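In the two complexes below, chain A is the common chain; its partner is chain B in one and chain C in the other.
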Partner chain A sequence: MSVVALRLAGPMQSWGVGSRFVRRTTETAPTKSGVIGLLAAALGIRRTDPLEDLLHLRLGVRIDQPGELMRDFQTAQRPRYDRAGTVTWQSLPLSARYYLADAVFLAVVEGDRSIVEGLDAALRGPEFPLYLGRRSCPPAGPLALGVSDVSLDEALVTWPWLASTRVQKQRRDRVVQLATVRDAGPGEVATESIRDTPVSFDPNRRQYAWRSIVRATVDVTNPHGTAEPLPEHDPMSLLGGEACS
Partner chain B sequence: MHRTLIDIHILQTVPPSNLNRDDTGSPKTATYGGVRRARVSSQAWKRATRVAFRDHLDSSELGVRTKRIVELLASEITTRAPELEERAGQLAAETFRAVGIEVKAPKKTGKDKTAAEEAGYLVFLSTRQIQNLADAAIQAAGADDVAKALKAAKVKDLADRDHSVDVALFGRMVADQSDMNVDAAAQVAHALSVHAVETEFDYFTAVDDRNTEDETGAGMIGTVEFNSSTLYRYATVDANRLLDNLGDLDATRRAVDAFVEAFVRSMPTGKQNTFANRTLPEAVVVQVRDRQPINLVGAFENPVRELEKGGRIKAAAEALRDEAREIASSYAEEPVAAWVTRVGADTAALDDLGTKVALPELVTELGALVAARLTEPS
Partner chain C sequence: MFLTKMQINPRRRGAQKLLSSPQAMHAAVFAGFPEARPTDDGRVLWRVDTHGSHRVLLFITSPDKPDLTHLVEQAGWPTIQTWQTAAYDGMLGSLRVGQRWQFRLTANPVRSGRCDGWNETKPLGHVTVAQQQQWLLDRAERLGFRIVPSQADPAEPDLAVIDRNVRRFGRGGTQVTISTATFEGHLEILDISAMQRSLTFGIGRAKSYGCGLLTLARPAANGMP
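Take a look at the complex of A and B:
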């Protein structure tokens, strides 16, 4: 198996799962529908086209810089033309859109080498404009980090930490722990299920399937770290016996 | 055909202002690089851009966004075929049914019970689409089965081509017929300040002109929130998608011209009368790329600090130049062409990125390049 790695970074991103109507929320990490949608756009697959090969890809995301939740308040108005020719402006429902500000993610997509190479090339010369979950959130800097012949899990551990130098300097430890969210392997016990596997992006019948995910952490070297990590804090050890996990 | 992507980068200083505010009246902000920045949302600047189109384009190239589509089409039918005046409303309603857009009598808002049917939502139609539909309706009017004749005239296709410039750039949603949606060819990022910003409060008192003796206090007091910032604004236009949406090379070129002009010169109107914050950008950098659009906002992830000499616009211009160069060399992403329009000595660093020209020349040269690339075989 091979993987293509993506750097998802920008001032704002938004990865919704179940939002409807005027309250548009975001998850804390990129969703599978968001990343597959981005890859499909790069390949030039239209919304009504079948997703085919993309449905079998595995996704893993590492939260390199979590950023912060931001709410954007949005108003809209529409003109109403009277018969007399006067125009009055009517307010449409107020809406709240949520974004992740200042976040950086590593997204790793696993599949057959030929497919993964095609994705990497497409990300470098995308057919449709790409964005991080919402059209007003273009990525900062190029997205594609390249293809490597490792497994999804290995890639999540071995890719260098993508957080900004400022964040790396703030965390003084030589080794930092980063949260990951990835597809559960066959037979693996999932942490939870979320409904973000795209089946069809056709606007007439959008369809998403449930996805079993595993939330875990990985240890990554901090190039700007100076302090050795402290031994894990386990107050229960005073009582003897085995540590809880 | 070559891929042609137009990246527009703008540095623009606005004095104390509140261009775009949230539900509490504070100017919008966002955290980036760990510090709070001033922000103007993309939707606010897109609207300002769309409004400014009226100065650059003929109304025939723009669209109308309305629920009252039956009335609109009926009046076009009547203009073209006055003898059909009696039937125009009914013909128009039939036409939209054939297109697949449901039209119903509006909820009674007054005594006017003869009001034309309306769509249940706002429909964005270009002037050309209305004209084409009117022609089809007039043709079909003579047939025995009008509905069948309209279907045969492929009215749905007529409503789905010859899009207006604003629809082609910013997209369209049609609730009943989502295959008639148009995907936007332009992307606009939220504008962010290149430096850290704190929101300030202006405490004000207002004096009652007719109350000179009894009370010596203020007639009212209040606060207005504002900030002043140097913004980085970014937008990108995918010229190939724009051509797909418009279906016409000339129209594509005009749309690119209008977008660049309008995006550069426009300003959201929030609190404009309070702050008179109309400025023009200090610097505009336009890069044409053939692989992917690239947002250079990373230049400002480390917030710019004011320099002893030159202030923050000088530091911002240098940061933008450095980021553009770094990306070009690290990722082998050299733009195909680039132009710079700028004012003042502080922005001189940007001359390294492209040919320095005035905005009108920039627009002309960009338009010529886009037209050439869209017609050349690749």
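Take a look at the complex of A and C:
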């Protein structure tokens, strides 16, 4: 199995799973439907086309820089032109849209070598414009980091930390712990199920299947770290501490 | 003086109320003493330390021994764990000039400032990590210690702001806002009596609200000179 690694970074990202009506939420990590959609756009697959090969890919995401949750209270209006030529502004439903600001993720997609290489090439020369979950969230910098012949789990551990230098300097520890969200392997016990596997992006009949995910953490070295992780600060250990209650 | 450690169960509703409002925690801590007035030895100071997402510890220094039964019942594990109290005087008496310690401090770094339209100055919270670190470095000598240079970069002090917060909570119908910073690092003692005073009477403002309690622990093995 081979993997293609993606760096998902931008001023804003939004990865929704269960958004309904006027509350458009975001998960804290990129979703499979979002990433598969991005790959499909890069390959030039239209929304009504079958997704075929993309459905068998495995996805793992590492939260390299969690970013901040941002809420946009949207009061959009649209113009209505009558025959007389006057314009009246019609309010759309007030909606709350949630984004992740200043976040960086490593997304790893695992599949057959030929498919993965095709994805890497497509990301470098995409057919349609690419965006991070919503049309208003363009990526900052190139997405594709290249293809390598390792497994998904290995790639999540071995890829260097992608967070910005500022964030890396803030964390003094030489080794940092990063959260991961990945597809459960065959026979593995999943920690959670979310409705996030895309079956069809057809605007008339979007379909999502359940996805079994495993949440875990990995240890990654911090190139700007200066300190070994300190043991827990325990002032009682000095005093000998006769317990009384 | 006594130092007390109690582990808090953050999953309990009582604990969530106390952790969300320093005003409520202040009342709960002070209810542990029949007489919580400051004495010549020191005053009641407390601090909440969090390690990871579930380990929450309450530290209290006080002139008298506390009884935290009510706190354990509301926010602890009453049947398996209570609290630990140890005499602090021996440790305070053993301080010597030149000793190095690892320290932890949650403080309320402020400066006095005036905005447009204000007649008088008010304390305003320091905002950035650099400001908050400078606040402590400016005071260190008066408080009886100095921050030792970092092992990795001798030009930098061995000082880190590991947590920053702006706490807002209600007090009698008005809202109190305090900005807090949690410092960790290594210090060297310069003046024993000033150091003892810093440890027993606290540092900076908002001492009733979980700020100002400085604690010492054995330095990390590689931090020794």
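FYI, the second predicted complex is superposed on the first by the 218 of 245 C-alpha atoms of A that agree within 3 Å, B and C clash if a C-alpha of one lies under 4 Å from a C-alpha of the other, contacts with A are read in each partner's own complex, and residues count from 1 in each chain.
Methods note: contacts are C-beta pairs under 8 Å (C-beta built on N, C-alpha and C of every residue); 3 or more make two chains touch, one makes a residue touch a chain.
Keep in mind that what you see is a predicted model, and the values were worked out from it rather than measured.
Look at A:A216: by the touch rule set out above, it reaches neither chain B nor chain C.
Touch criterion not met for A:V17: it reaches neither chain B nor chain C.
In the superposed model, A:V175 makes contact with neither chain B nor chain C. More chain A residues lie in contact with B than with the other chain of the pair chain B and chain C. By the touch criterion defined above, A:T226 reaches chain C but does not reach chain B. Touch criterion met: A:S237 reaches chain C, while chain B stays clear of it. Contacts of A:M70 after superposition on the shared chain: chain B is touched, whereas chain C is not. Shared interface residues of chain A, touching chain B in one complex and chain C in the other, do not exist. Interface residues of chain C facing chain A in the complex, by the touch rule stated above, are 3, 5, 49, 51, 55, 59, 65, 82-88, 90-91, 102, 104, 129, 150-153, 160, 184, 215-218, 220, 222. Against chain C, the residues of chain A that register as touching in their complex are 170, 172, 226-228, 230-245.
Contact residues on chain B toward chain A in their complex (touch as defined above): 3, 5, 22-23, 28, 30-34, 37, 41-43, 65-66, 68, 122, 178-179, 181, 183-185, 187-190, 192, 234, 236, 238, 241, 290-298, 301-302, 327, 331, 333.
Within the complex formed with chain B, the chain A residues making contact are 9-12, 47-48, 67-68, 70, 72-74, 76, 78-79, 81, 94, 99, 101-102, 123-126, 128-131, 135-143, 164, 166-167, 202-204.
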